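Can you keep this structure in mind? I'll have questions shortly.
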């Protein structure tokens, strides 16, 4: 079952800004097996969205490799990349800006098919569109309506249908439900899980809401300031978080249950600026357990226990200082 | 936050004071004129103490002078100013005879040499005394490339032939005999005498700092706005009765009339036709009118078909009703022209009568010429409103005999270049005789040597050339009159031109101004005016 | 197959929606009605005008408005009403074609600069700054003087002098659309730059462009009239409101009617265009509404 | 003795006039808030939470928003009857508000200190220095170094800006604080900091608070009582304990089920299908009936009246009408 | 701040050269030979040719432009007028005060009238006052400047005789031209103030200010206007810059010898150096005005000020 569809090695993406180099993605490593969902979690500005877009080469990476079926797509030429795009697609966060307001639903869904000239005749195209619309739970009569006539939930469904149009193997879901209300959010999550089961899709699910990510992911990676600091299966990350930042992150989540109040780890200060970050562990400044060499040597993401990757010098030896 | 907005408002107020402050100061410096001009008087608010109004004469002209260096330009606006500043060796008396002015007396030694005896003790505005050397220097400069624009007036002078006999006597020789030489020396453009020291000292800036011997001396010039002259107390002749003269440039005819009515100006040149009745009815204003020596004509490029055929030209002449056109456009100002020589110039051949208007004859001639159903052609005119109007009516009248025309309004630059390259077909333009001699009206426009320069219609008739050269040599006499009358008859017959109108100078004057007599040549004497 | 038909009238619905919002704004509808009337007068000028614009009647010049001459006659006895009617044809022609020129050239420069950004954008925008530094009317005068006064050159002059305005407008709206996620989605689907610009970006920039174009026609008519006013515009005897105004200005004291009526005609036209422009701005950009 | 309730809202109805028809944002809204009590007002987008807050503060956008019916008793006086100048004295002094997006709640061209001083100057006497001092103290209280009082909002992060807004709101020690989703726009770790601060200040200043949110986790952390809003009205009101142990209204039940549970293993969330009601044409009777799994014919005819189902716990639903609750 | 200022000045150089090139090219293709015009239509052929040579009119285009650009950049000399032989700089400086006064007073009118009315109609949106001012503003924009000028002369100079119809040196001579030219600027600034205020009034911090119990006009004038100033300053700067060169129509109606009219006359006279010098001068002043506007931004909006540090 665990055939690696996509593997990312030492991926780096730096943006030139007036006040220095912004290290958005700074040496990220992970892999996703077929049919698996990897959750990518982190606070705003940690580089998770950039990672997703660099994977699909919507943004050009500075260095590193993205192996899709063991071929580095970063070196692909434009035509090869165009062929490759068929099997990797993306679903966006903001329902109000991910659909072209001037096109009808069926035109939006048809767009990728027309670009890649998938179907010869119009009828084949129409049937494929009807099939996709049915697949994502939209009613037939919405085919000719415009995005401004739909609510947030339905727009996301159109976005998903568009992403599925080219029968991709791998989908990057960039905070697909963050902008939705709780009820609608649940409907979309169910839809995504059904699609994965049915079409054997592989997901990279980017989000900042941990409970949503836990529900849908098999494994979860936590990002902080452009680096993955912990990557493990979804059960153990909640039960037994290793990295101090993950611990703080989990303790900050308000639990909609009574009497389950954990002792709260309140982090000091704000996230430091990603521009020209200092050497050493980037969380050291705010970590209660940071020692001297935390400030000197950048911890590598290592498999300290089977299936438990973490980037910290003092895994399981955290003592309050 | 409150601080922010108040600072913004203060900034705006500063902008205000800076603007009104510096600008009112600046024109002061640039134009140097105490802002005592009339418009202020009328509006009451005296910003600076003005001399009593009646000691200043304010004149409104249509155009600002181009330059006050007589050798650098020949336009009417500049000549109007130079008239008050400079003097010539000789002038014309009321019966158009040449008499001495700066020159006490003069002798014509032979047809090529003239001797002038200068008045003594004549002072320039910079205090220098007029010497023969100044005259020699002036004529040398006039014939050099600098004097290009007045070459046709004093071009005949032989720079080598200038001989200074003593401080107050000078002999001037000309290259070819020309009886019109003496009258041309009266021209306030080419004929004025400059002061050598002043011109050399000023160099390029002389155009804005003229020094002459005339009754008024230059004080200041706000380009495009006004020129101020003050009385020259050591003037050798009769001193003017007022001490200051301001010539304001007001391009809009309507504005000039309004300023005249409101007392902003004492004299307003070129009054618009429809303002004449209004001024005549106004008791404190009066209109002075005088026929001018300039003719507006409608002509053909005689090199280009079909205008090389005399029948076509004559047909068009019959088709154009100059009488109605002049009445429609000028409404009583000026008069339909008879020939290229204006009425009050010597040897004007009135017998020819105005061109006749006969549409049937015109059509017949066209058929004879081989154009039964007419042809299409272009009409060129420059951007003077009256000329555009005349062309518009001509266009309509020619359409009746089947000639379809398109009017092209060109600026002066493009117009002249077009004519030099011969691209023109029919065109309307003006010609003014600047000296009282018929040679000036005919030689330039009709002599074959002047083709492309002044002879816009490229007219070439050996007989006419001969007559013109003959006429130049003869002194005033019966034979000279016969020659010029014959010339006018031939030209009328061959019709390279269809003369339209002789313009009339119309000047509005306040009733308390006496003694203003406009000159037919377009630049008027102001220094002999008296203010009641 | 009914879906295809259904799509056809659905497409209309976008503009139907705009019309429904526009109709609510009475002033804008008034503007639209005036403009339509203007188009009709321009097209059917020959039937509407009682006299030809050229026919002179030198006997009764400067007639004040009377029954046979509703707006009176000018200095050649020509009927002013007919000349204004024909004049509408010239003004609309100049207005729309000039805007067309500046929209196509300025618009494409703006689109390219907005979409690609970087050094190309910098270069293009600096050129626009150069054109913008020269006041529109001076640039137009220089162009007409260079090319010679004719209707075509007038249109070119007015068109070229307003290119920077459109370039900046299109660039700004392209840049705002370029950041939208549906553009990234199109790129993710492998679409070419050209298709992205034509199918996704430009249709969404239509609103500000249409509004600017409507008001642009008004500005073009004004500039053209201004040029004719200083004698650089249309050749006589072609009737154009600017030159009629200029012609009448020396008779303003005795026969004000000669400047009054062309002035009113021009103002009403430009007012109508501005009213429509404002109305379209609200109707096309609903987000401005709520 | 202060009345039983600091704030009592009776049958409040607020409509917006728009081009697309009248929006029934708030319809027959009833609520009470006791002294020193924190009430959580929970509902999805478009349920009318913010409109209610604006109704209380009389900040409804002119001319579109209008209070059509109902009374709002604050300390026994009906706010709706008050004139503009009377309201000016109450706003800021007795009732204060925190807005959702910290990025746009502060005037970008005014220093942070000046914006706090403005609030104090409006309601408390004192010389310029005294007011400046009070403002400095308030900054310290919310955990921002006082030395930063002359900096501008753009120099602060989202979390810090929200602290400034809290400092402004509490600077005159108001009786009632209305917080409209104060932490929704913040990251979860920063949200924890701000919620922690609000809890501490609430107790120190003994302020009663209305916490508007859609996150049941936040309610569990900070609120004493909870009101669930749907379609412009309260559908269930209870203490936190009784609501979290046994929610009655089907919508509340659905809400709890829609949240993925961190501890347990769920394959699919059992979801409330359908969409929230369109405020321009509200469904008849109980506005939840189109989506309600236990729908009965009566639900679509009449809108249910209040049914008390426990101490300080009532619900508006016909399911419990017949049983004749205790 | 100084570094930013210097950089902006340096960026002017390419713009100026660009403007110079465009004007030079346009004049190069303009028919009409300056030498012939200066010497007058009756001048002799030799003197015309000689003058052409003297003026270097016969050199190829790029040589002439090269000489001009070198002269311009190296010793800031814009040459002498063909007609009056005076340095172009003096020619411009004599006419500039008139244009500055005209443009300045109309912008001033626009600010003093436009801003208050714009604010009031924003506060009282959809009231009668708002609708009436908006209609007047629309008429103000649609009114052709030259027609308005003629009407003003007809009414105030001719019929009532209160104000002079030409000249610019006295204050009341400036009233009519300033009103004629200013009408359009007043309309534009009123509309811009209104829309900018409307946008700002909807912001959260305005609602925040109201929730403090702040009284309404403090909210409007202190909070709203403070933020609405930036677009207003931009438009005022643009308008002022455009008027500096664009007031040619008003100048011709009121016989004000301004830069606009000098440009038109010089083009007609083919006095190339004056045209080039004049347009360059207008372009430079236009850019300097924009630079001033940018500096004003920094003053009004702290966010921009911090960028300069």
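In this document, chain identifiers A, B, C, D and E correspond to the written order of the chains, with residue numbering beginning at 1 in each.
As a convention for this text, a contact is a pair of C-beta atoms (placed from the backbone, for glycine too) under 8 Å apart; a residue touches a chain by one contact, two chains touch by 3 or more.
Bear in mind the structure is a predicted one, so any value in this text is a computation, not a measurement.
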Target chain E, source chain D, minimum contact steps: 1
Central subunit by CA centre of mass proxy: E
Top chain pair, ranked by how many C-beta pairs fall in contact: B-E
Chain B and chain E, separation of their C-alpha mean positions in angstrom: 36
Gap in Å, rounded to a whole number, between the CA centres of chain B and chain A: 87
Chain centre separation (chain A, chain D; CA means) in Å: 32
Intercentroid distance (Cα basis), chain C paired with chain A, Å: 49
Junction residues of chain E - those touching two or more other chains: 30-31, 153, 158, 223, 226, 252-253, 267-268, 300
Sites on chain C at which at least two other chains make contact: 145, 148, 249, 252-253
Interface hub residues of chain D, defined as touching at least two other chains: 107, 109-110
Touch list for chain C against partner chain E, complex: 27, 126-127, 129-139, 141-143, 145-148, 218, 222, 225-226, 229-230, 242, 245-246, 249, 252-253, 256, 259, 263, 266-267, 270-271, 273-275, 278
Contacting residues of chain E [partner chain D, same complex]: 126, 202-205, 207-215, 223, 226-227, 300-303, 306
Complex interface listing, chain A residues touching chain D: 43-44, 151, 153, 181-187, 189-190, 193, 208-212, 214-215, 238, 248-249, 251-258, 260-261, 264, 266-267, 270-271
Residues of chain C touching chain B in the complex: 54-56, 58, 61, 75-76, 145, 148-149, 231, 235-237, 247, 249-255
Contact set on chain E toward chain B in their complex: 30-34, 36-45, 47-48, 50-51, 54, 80, 83-86, 91, 93-95, 97-98, 100-101, 104-105, 108, 111-112, 153, 157-158, 161, 163-173, 221-223, 225-226, 229, 252-255, 257, 261-262, 265, 267-270, 296, 299-300
